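The next block holds one structure in the form of structure tokens; read it before the comments.
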Amino acid sequence: MKFLELLTNPSLTLIVFFPTLAAIPLLVANKRNEKRIKWYLLVVFTAEFLLSAYLVTLLYLKDGIKYFPLVADPTIPWLPRYGIAYRLAIDGISMPLILLTTFIMPIVILGSWSSIKKHWKLYGISLLILTTGILGAFLAYDLILFYIFWEVMLVPMYLIIGVWGGERRIYAAVKFFLYTLAGSLPMLLAILWLGWRFSKAAGYWSFHYLELLTMLLPPQEQLWLFIGFALAFAIKVPLFPLHTWLPDAHVEAPTGGSVILAAVLLKLGTYGFMRFGVPLFPHVKEEVIDLILVLSLIGIIYAALVAWVQEDMKKLIAYSSVAHLGFVTLGIFSMTEISWSGALLQMVNHGLSTGALFLLVGMIYERFHTKKFKELGGLAQPLPLLAFFLVFSAMASAGLPGLNGFVGELMILTGTYIGGYKIYTVIGAIGVILAALYLLRMLKETVWGEYTGAVKKDLHSYEKMALFPLAVLMLLIGIIPSVFIKPSQESILQTLKIYSVRKNYPKVTKPLIIPIDIDKEKK
Amino acid sequence: MTSLIAIVLLPFLGAVVNGILSFSNSKRAVTFTALATTGGSLVIALYTIWRYLTELSPQPIEYVLYKWLEKPLEIQISFLLDPLSAIMLFVVTFVGFFIHLYSTGYMSDDEGYGRYFAYLNLFMGMMLLLILGSNLLVTFIGWEGVGLCSYLLIGFYYKQDEPPRASMKAFVVNRIGDFAFLIAIFISFAHFATLEYREILNAIATNQQLQDTVYIFGLTLPALLALLLFIAATGKSAQLPLYVWLPDAMAGPTPVSALIHAATMVTAGVYLLTRTNLLFQLSPNILKLVTLISVATAFMAASIAIAQRDIKKVLAYSTVSQLGYMFLAAGVGAFVVSIFHLFTHAFFKALLFLGSGSVIHAMEGEQDIYKMGGLKQHLPHTYITFLIGTLAIAGFPPLAGFFSKDAILAYTYDHSKAIYFIGLITAGLTSFYMFRMFILTFHGEFRGTEEQRKHLHESPPSMTLPLWILAIGSAFVGFIGKIPFTHYDLFGKILSPVIVKLEEKAVHHDVLHEVLLITLSVVAALLGLVAAKVLYSQGPTGDERLKSIITAPLYTLLKGKYFVDELYTFVIVTPLRTTANILWRFVDQLIIDGTLHLAAGIVQLISALGSFTTTGNLRNYMLYFVIGIILLIAYTVG
Amino acid sequence: MMLETVIFYLFASLAVIFALVVILHPDPVKATLSMVITLFSLAVIYLTIKAPLIAALQILLYTGAILVLFLFVIMLLNIQREISLPFSKPVQLWGSIVSVGFLIGIITNFAIKIKIEESVKNYSLVLIAESLFKENALSFIATGFLLLAAVVGATIIATKVKRG
Amino acid sequence: MNEILEALVKYAAILAFMLGVVAPVMVWVERRGMALIQDRRGPNRVGPFGLLQPLADAFKFIFKEEIIPAQADKVLYLAAPALALVPALTTFTVVPFGPTFNYAGKEIKLVVIDSDIGALMFLALAGLGVYSLICAGYGSYNKYSLLGSLRASAQLISYELSMGFAILAILVSTASFNLLDVIDYQNSMWNIVYQPLGFLVFLVTAFAETNRVPFDLPESESELVAGFNTEYGAMKFALFFMGEYVNMTTLSLLLAVLYLGGWQLYPGWTPPEGIVGAIIGVLITLAKVIFMMWLFVWVRFTLPRFRYDQLMKLGWKVLLPLSITNLVIVTILVNKGIL
Amino acid sequence: MSVVGFSHYFFLGLILFSIGALGALTRRNGITIFLSIELMLNSVNLILVSYASTNGNLAGQILVFFMFAIAAAEAAVGLAFFIAIYKHRRTINIDRLTFLRW
């Protein structure tokens, strides 16, 4: 069985399915001693991170080339009749996101160490399955497989919000589930349509991403397919009008849940745009690209303003992540190499800074059992370390130079400017001011000011362990960003080259297979 | 030039160590690290400056630390040593060190001691980054870093409710300035694929075509860049539109105000202008704008200062107006003189702030000059040094203030008579509010509470020593610059390579002309002194008399700081907040969520309709059944 | 041949009359008994169609077993005569009459269309038995299981002990 | 037309024999037999040896006043006796009572209807007996009669099942429903030898079907005051009685046909030609029937009555399994080709 | 069979069927409805057998043979239901048995 073979030696499949395998012993674990389950989960997730890190470095340094090549697992045909096969591959674009996911997971466990009180076993299992879903989605190179992993993610997340959430968790969980599902159905239609058209053009069925890339569809058709994909990803990102599920989901989700949601789940939307949205449909009309750019700009300004007047700390951060991801979509759709690498980096940055912010909110909630600004204030005096981390991550997410947020925003905005969208850059830059506005308001409401409450214990050991790596990474990306960007440069360049080759190709009236060889293509 | 790296890294190191120490409250260790690091960087700086300036023809030295970004965006972290940065380096490290020394005394009994010095060292590091950076990015990192530290330091006494609000205001207003800086970075990278000053300026200088074609909004590329950088400068150096944060910044500890809001940070704008003076010289319309704004700021700030009661507020407004002078010099093209005025201002303004610090220290935090008076005999050292400072700033001949201010006025005179006249009035106003404050605090009888009187004591040597050094500095530093009637201009000579000379300007005008200008400025200063003496010799009642002179409404206008703060909140903050609320309540919840819930409602309606048919009565079901069959048969057969 | 037609018309009318009694009579016992008679007359009609096996089975199974079961249940549940009009709300009455009438109309116009070709009847028990156990063996076994299920089901439903 | 006529003639002959001869003789035999077993004299007043006693009873029944209980459901109450006769008068049509012989060039079968599903028809019609019991019980508006009728019908149904299986076993071996074939099949050896178990089951169910003594719980005099026919007097009661006797004879006839080789003196015996052989065959069948009738009467006055639960247990838990095993054994043997 | 054609049987079956249908639709008492359904069933059997035998094939009879089994099973279970309902609700008048609804 090739699949078992893949599972035994270090391969992408192992990374993806290791958590699910680890979930099995959990099934038989005794529900009561949660302590052991917690430690087990921590060990599993750290092992997962080390495994993925090891494999990534192994692939990266294999033949000494300084960029991250496209490495694929051997494909296992699944439905040969329709060309659906189990294809996993990793390249520069998905590598950082994979590492982010596996890096965040142990932190999520540490974050929810004491905040999750009941059903740890179920919590553990849903987390493990969620990880498999996310990693699978990032690595899937077959559209159907991608869709399957895309759906697998939904259920555990729904459970996490629904079971361990706050008061209105059911409403939030259902809203989250329906929203994402409704979005992903048009995508399924689009995928199937693509596969079908490919069978018409090439004579044989295939859902392989690279093969689909060689096919060019008439512009009108491409537009509709693009809308199908864009809807699913826009909801996930979330793009402006479709974002109302995010604040509810965040406010109601437990700490661990909202960290994953912010750090990783949102990135799937943007990753989707990068991988499938843009390259597959080059002839999409200019107005559509402009529309998305305008929407992301609105997203930035709108979310920043709304965040500024929020009463609930977690909601403020939720809206801030809407703003940050507005930047990312801005970067993606200005279609320049700089803005793409900036967008990719910003995805990771946002994961780290907003993840840290959510952890801190969780810790505050554990101590004061409230997230409302009116009831908080003057944390610097009783909890100096927590205050330090809060200020640090707030500054990072506000885009202070020297920390990670700035690098991403700088590259995105420069890329957008070079991409020819001058006015958009200026409006985007205003977002930077507003970011400072609401984040500093948050700090004023929570950290500074007079503290009259009871003596609270500062950060416990596991909380420090959760926050410290995030802070270090934020600083490192800020100071030496080139180390983090260089590996994924080549893949971004290739994707954009493919995009430009397909874009320059004259428009076709019926599906046509065009050979794409990037090297021959002139710069 | 590893020394540059050492200078920059030492304060950062200090910041980290102090940060850690701040959790354990061992004051001695903190003091040691703070002074060691800043002292060390001062010594290295002096040595490098001395070696550099004494060379024959000092070429700018560039030292690349490492590549910040490679593939798409070619940026590296690199430092530049040239006359301009040397001077700035001297100012920052010299004044910085003595303020560190001073604050060991001033902050000795504050429990956030470690945290304070961590922030201060971090500030020093960031400031050095700003002035030594060889490209726009490093400057920008320093630029925002300095903003962060001012935010942290202003909000140092976070327990009270005023500092946090002031610190937030400062950071946001600075951020608006930085927004323009960011746009400048994008443009420069888009057009020159690099952020290095040298490369950008060479590219513009050599490319004639670039200088003429209109880039956008009727501005050529250099003009646009100049405008953006000027907006950034107004944000940082508190010029007219964005100066509101500086007076509120006084909520921070006094040494902070001295270091940041007098000597170093606020001067960053001037440094930036001089660094990129080519851009400004190529765009005369921008220069005209600069002069206008700067002279307006100078005059307005001075007029507000005369009606202020808080000692630090008066000094804050005086800083704003002195900065107005520096920008005025830049506006009229005399970049050397603006840097010279920056140089002298650093000394006497730091001195004045530290003096007021020791006054406040003695009066246990009392800052209202109405409640002081007669401190002459209690604080002799502070009294004398404060007097030297006031004389320097008022512009009396032997002291530094005279030389730099007079040079500025001279150049403005060449430029345009009207602006020279306003400058002259501002000079008079400056000496008036300075002496008003001086008299009210040190002369007349003590107006404080009994218990404060007992407590009155001279500050410890650790505070008075820096006062004396700065006093000596502000006394003699004037001679470095251009001495009227002579061709001796050491400062000009040092800075000349940095300033680009487009076309020869009539630098030297006849002696008579000079004499006239000097007498006029001295007379203005004297007038201010006399007026202050006359009005305030009997104490604060002088204000009523002043009110009667300049009509009541004008006085209230000045006292209320032209109500600029209220204007801003009314015009910008409240509308923004209401739109935000509308957006959230109305758009987010009502429209978007509304449509969602509407859809859900419709579905529920349809399902309710469906359940109506299931009445539970068997007979109905059978009837439906039969009807169904009939339809079926009718369809198939009929 | 006269005898057969006489027998047919006699028993046909008998069946129709007693069928009407079944649906009109308020007393269920009387209704069931009239049902016995209708089915018995149907069995006789089966004989006239030369299908004795079906007739025998009809009597054996239907009248012999099922209707006895009905009677047993009626007695067990002690169902009284229906007091008011046997029919419920008039609107449903007329509704059903109209619909049944409509149904008949459709079926008849369908029935007229089909053409029947008379052919020799080669009825024999052996032939039936053969086809029963050869082609339809499967359904034979299936009916066996069905009956088993029915038995088990009926006993459980009817005798479910009320717990607690 | 003529074979219908022929069937009618045979039907009339047997009916006359049954009602005219069997019923009165059985009444006498039963009363005398009972007396003999109970070691007392039977009725001897009316005519020599009480031979006219049945006539006397008949007169009594005919002239007795017909009483109909007030609350009784007239239709059901009156229908019951009629229904009792239905099975009685129709079941013997399918049973052959003599060998086939050809007379005046035409072959005559001594069976009323020679249908090839004779046994099945018998079972079907036997089943209808239940209705008379139910109508009687339900119609006579009397607790005891209702109870009696329900018990009777339950008994009837359960034993009908075992009888059905027993008959089935015979039919499996003869591979035909036609009773004439059954007799021909017995040329080699009578079924009593091949299927002793089947014979026993059939014997017991025969008693149950006719509600005879060991099984006459429903109209047992002592507990239920004559069960379902408590309310019936006079002629109605007579009808029930007659129905019962006719049933008895038919069952004995059937027993003879199925297990005792019908008109065969000994297994393999073929009657002499012509009408004489027929008459000898009929006489032999008659002898077997009389023996069976005597057995009925004999058993009636020796065995005690079953309690109702014993009755039911016997029916379902003893007889039914036995008959099924018998059927299984027979099918296996037939399959192997032995039987 | 020759004199009494298939149409006679067909119409007899049809009449019986309609009577059964009417009974089922209008009666209130559960058992009577059940009876009329059985009646409908038998009328269909009748038509089936008559049609099959006129065409000379035996499929009809076999089908009816199975119909009996099914009718028996259905009657058994149906009556069991009525008994259960009766035990629970003390009535089998279907107008009152309307608990199976939203």
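When the chains are written out, they are named A, B, C, D and E in that same order, and each has its own residue count from 1.
FYI, contacts are C-beta pairs under 8 Å (C-beta built on N, C-alpha and C of every residue); 3 or more make two chains touch, one makes a residue touch a chain.
No experiment lies behind these values; they were computed from the predicted model shown.
> Just by CA atoms, which chain is the most central one?
Looking at where each chain's C-alpha mean falls, the closest to the middle is A.
> Where the centre means the average of the CA atoms, what chain is farthest from chain A?
If we average the C-alpha coordinates per chain, D ends up farthest from chain A.
> Quick check: which two chains are joined by the most contacting C-beta pairs?
C-E
> Could you pull out the chain whose C-alpha mean position is farthest off from that of chain C?
B
> Centroid from C-alpha atoms only, then distance chain A to chain D, rounded to Å. What do you get?
91
> Would you kindly tell me how far, in whole Å, the mean C-alpha position of chain E lies from that of chain C?
Going by mean C-alpha positions, chain C sits 5 Å from chain E.
> Between chain B and chain C, what is the separation of their C-alpha centroids in Å?
Computed from C-alpha means, the inter-chain centre distance equals 104 Å.
> From the C-alpha centre of chain A to that of chain B, how far is it in Å?
39
> If you look at chain E, which of its residues touch at least two other chains?
21, 25, 95
> Two or more other chains touching the same residue: where does that happen in chain D?
Touching at least two other chains: none.
> For chain B, jot down the residues that touch at least 2 other chains.
619, 623, 626
> Where do chains touch, given as pairs?
So the chains that touch one another pair up as A-B, B-C, B-E, C-D, C-E.
> Residues of chain B touching chain E in their complex?
Residues of chain B touching chain E: 611, 614-619, 622-623, 626.
> What does chain C use to touch chain B in their complex?
Spelled out, the residues of chain C in touch with chain B are 88, 92, 95-96, 99-100, 102-103, 106-107, 109-110.
> So in the complex, the part of chain E that touches chain C is made up of which residues?
1-10, 12, 14-16, 18-23, 25-29, 31-32, 34-36, 38-39, 42, 45-46, 49-51, 53-56, 58-59, 61-62, 64-66, 68-77, 79-84, 86-87, 92, 95
> State the interface residues of chain B toward chain A in the complex, per the touch definition above.
It comes out as residues 23, 66-73, 137, 140-141, 143-145, 148, 151, 155, 158-161, 163-165, 167-168, 171-172, 175-176, 178-179, 182-183, 185-187, 189-190, 216, 576-577, 579-581, 583-584, 587-589, 592-593, 596.
> In the complex of these two chains, what residues of chain C are touching chain D?
Per the stated touch rule, the residues are 3, 29-30, 33, 36, 52-53, 56-57, 59-60, 63-65, 68, 71-72, 75, 124-125.
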